[in-house]
């Protein structure tokens, strides 16, 4: 465990991670709804918003753009990832060494673990090495903890998501990024499973502003520590306004109504 | 062989290892019977009991809590482990390097070997490396020696368990954690198979206090050197009292009746 | 991202890479149409043409001939490659270390990635290591980004090619070599997908001089940065003249008619 | 080739290796006929007999007992081995590094190769590394050369055993431990196949004293250099006496009758 | 490319490599026709013949005998090889490191590549490492370039053999050992495919003296650079005389009739 105190990727113990590795994970079609998001600058600009405590990208995007944003954006180096052209059992290539991420100025590392995949053992061992290297550079580790694959029949079941959060604790992550388990009660169980590890909700489907903010509020009420969000922000026309609202909700604890007023 | 003399994980040659890696191996549902055990502090507190000579956890739990307990708990760094979301042939990821475990103050390493699994050869080679690294840091090695997988039809058969104990000796463990083979005679054969390696019984099903203590007494009578226990302690309401009783039984050799009186 | 400014493999941000690894990838039958191209000197001589900003060969060919051409040719060290005797799922052996390529005077590295192959994860990890080693030697990385294999039903579909270009960006290449997606509109989407990564069109089928030059002009009009070409140049009787024309088209921006006049 | 001259594991060019890795390879049931052999001390004591030029054990047994016997026993560090719980194609885990074996005072290394197994290539590469490391420490290498697995229909055929002996020569072993091929003529061919590599017969089935000694005499007559024996010695009631007889037969060349008189 | 000028394994640009790794590749039955060839000394003695520019053996044979022949024989360290007990897809174990071969005084390395095998990618990567290590020690690399396995229906087809020769060039070998493709015209194509890489014919079936010498003359006439020969020399009664004839044919360019007169 590395206390996040003093780390820029959390503020008062809360996180809002903006993720932008969709170009690798899903391909450019993810940018069709808002074509200008194809250009990393558009999203890097969003990431300079005060609400965003960390911005997660792959190595190539960081190399190309982070030098221009290093004063205004906290970099989460997403170390592994794979295209969805891949048809094999869930797996993720390690595309980036911790050493090089540190050289580029990363503030934290991000790493996906597919618990239950036939590659789980291999991925856990890759995570172990990355985590220990991150410790040497005093970089917090965020685990994208997503049970998937042959061993996982239902990845939205509460006990699967609580397990995912617990894996983050047991294996030495500092933050767990997990799916929302469907109810506040289940989410409470998830956050308790993770112990002192920060739990942040992953995305959520794109809904109305109010519905989205309410789901975030549910996470916070259930002991969650924030949000990791991608398309739900940068696929909106009003992305900046949504970040204003999320800032109010997560860091100022205004509640949903007041947050909506910021938009 | 590393003599356990001088090592804190044994007292007068006997061990009581409290294990708490269930969050990784089984998931948070293991904590349902006594919900507060979800919180590692609850079990770390139990581990400060004098009866406990070693406390076995995964890396992330050690990182988060051991700094607060290093004066009162002896750390067994459980180096490998895998979630039960895994549906492949029995295997266990190496989640922790010996070097980092040593830095965190580990007093011993723990390592699972699934003899008979199609991953046995790979796991034995991983153990070999961990064991030699542990020797460099003068850390005893405890093998969770559990035959399982394609090659093992019945993992409670006495000759399978005696084999497991012997593997611990042959491969260079200092302590073998094995299942109880069902009878005192069989257990005697198991402990003899291990030669000078300490043999500790793994868990046992949760029964009445007397039955549990009698099974432990059987182990001791058969030449066993103690107990590794998890749920059978921390899933009890009277966990502290049970540790009192186990201390009497294992270290003071009081017999079952006197041990029960301590509760 | 490594700016290509100052690198000899681009001129004013445009590239013309002549590729000659066909002896490995396809075998000597590729030289049948113009038998003298079997002799690497013939093609090395072509590569001294001013139009050619980089010449891509495998290690053995570089070792044997590059010492005689190091003043007149910019070497792209094609690090991986495999014969087409190989019947397995698409894969490519790493035949050359970056360190040795650098010693031999390489100006850039080239690396194939088969997105969607069952070896994609392994190849991406090999690329990651090569790319980071190339960074240490300040060598740009050109990715031959060719989705192929079990996961790819149609490798000429625009969204597959745009994905390939995006992978180059996300994984840290400086130049993406991709197939032409069939229309200028699609090509525009491809070049946008790659962000600041240079996109060069791979080959194209051998057609009339005008048709070929028009296809190159389409690439340039769509925001492409040049061409990687092999047989379409050295299988022509008038290879030198075609390079004159390509020089006019790509670097002098003369348009197709004026370029044809050069021939 | 390392001349065995000057090495304690041969005497006048002859070897008698006592093997005691059965606890790993076969499990404790191998000790049932003479239960006290379960205790490594019993067999270590036998190994102090003058007749025994080398004693082969796995790492854990060496660690635990060799410090007490290092003046009276020559240690053969059996580097690889696997339990027979393993149901996969024949393979053997590398349980011990040469460096650590050397630290513990090993006089030679032992290594199993299953020629014809689908793991042959992997095992040969592991042997190659161990052999070169052994050369650095001037330790002779004994190959347990046992063709087995998918490629081997009959492992007692003379041409299979001659092949096994030749593999030991070609791959750089100093001593080959092979099965007896059934006749003196065949054995002669086997020893010739091995060239200067010492050939020692492996075990043989437990028969009457005379029959066993006659089989050893056959090996010697056929140019063999001694015996590697396990159960055929330590499963006998008269193990010491049998070692007396073997000493006479192998090192004093007394013939069978005189050797029997020693018993 | 390493010029062979100055290397003892070629004379005036021509090579005659005597190969003697049959004990590993085929087993001792290969020595049945001339039983004394089982003894490596017999063949080492042949290798001292002036005609022989290099003698290819596996590590163990080199260790045992080369110290006695290092002044009279040029050693080709055959780094990989596998027994034919192996029933898996064509593969070859790396039995020898370049560093150790160099220590033993090797003058060149030899390495088998099975193009088209499902292990081709792995073998090419092993070759790449060996080749670069050989460069550091200034040792030429001879590739046994033998397409075989799932991807190769007919390994005597001219285009397969030309491909094999080209692979040697592309991957950085200095000499390619290939099968004779059946006709002088085809052989010419093969040698041209290899560019500056020396091409030597592998073996050929054992025929009459004249037929054998004529096949060698065909190779030379077609631009080949010599011969790698094993059984076709040492399985002959008149091996020395045949080497006399080969010396005349290859190095003195006498033609077949005059060469036959030497016998």
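Per-chain numbering from 1; labels A, B, C, D and E assigned in written order.
Following the convention adopted for this analysis, a contact is a pair of C-beta atoms (placed from the backbone, for glycine too) under 8 Å apart; a residue touches a chain by one contact, two chains touch by 3 or more.
These numbers were taken from a predicted model, which means no experiment stands behind them.
**Q** On a C-alpha centroid basis, what's the spacing between subunit C and subunit E, in Å?
**A** It comes to 36 Å between the two C-alpha centres.
**Q** Roughly how many whole angstrom separate the Cα centroids of subunit A and subunit D?
**A** 58
**Q** Mark out which residues of subunit E touch at least two other chains, giving numbers and ranges.
**A** Expected reply: no residues.
**Q** Chains as vertices, touching pairs as edges: which of line, ring, star, complete or other describes this one?
**A** Looks like a ring, each chain touching just two neighbours.
**Q** Beginning the circuit at subunit A and going via subunit B, which chains come one after another?
**A** A, B, D, E, C
**Q** Applying the document's contact rule, which stretches of subunit B touch subunit D when the two form their complex?
**A** Counting only subunit B, the residues touching subunit D are 1-2, 115-116, 118, 120-122, 124-125, 127-128, 131-132, 135, 147, 150-152, 159-160, 162-163, 165-173, 189, 192-193, 195-197.
**Q** Quick one: in the complex, what on subunit A touches subunit C?
**A** Against subunit C, the touching part of subunit A is residues 21, 23-24, 27-29, 38-40, 58-61, 63-65, 81-83, 85-88, 91-97, 100.
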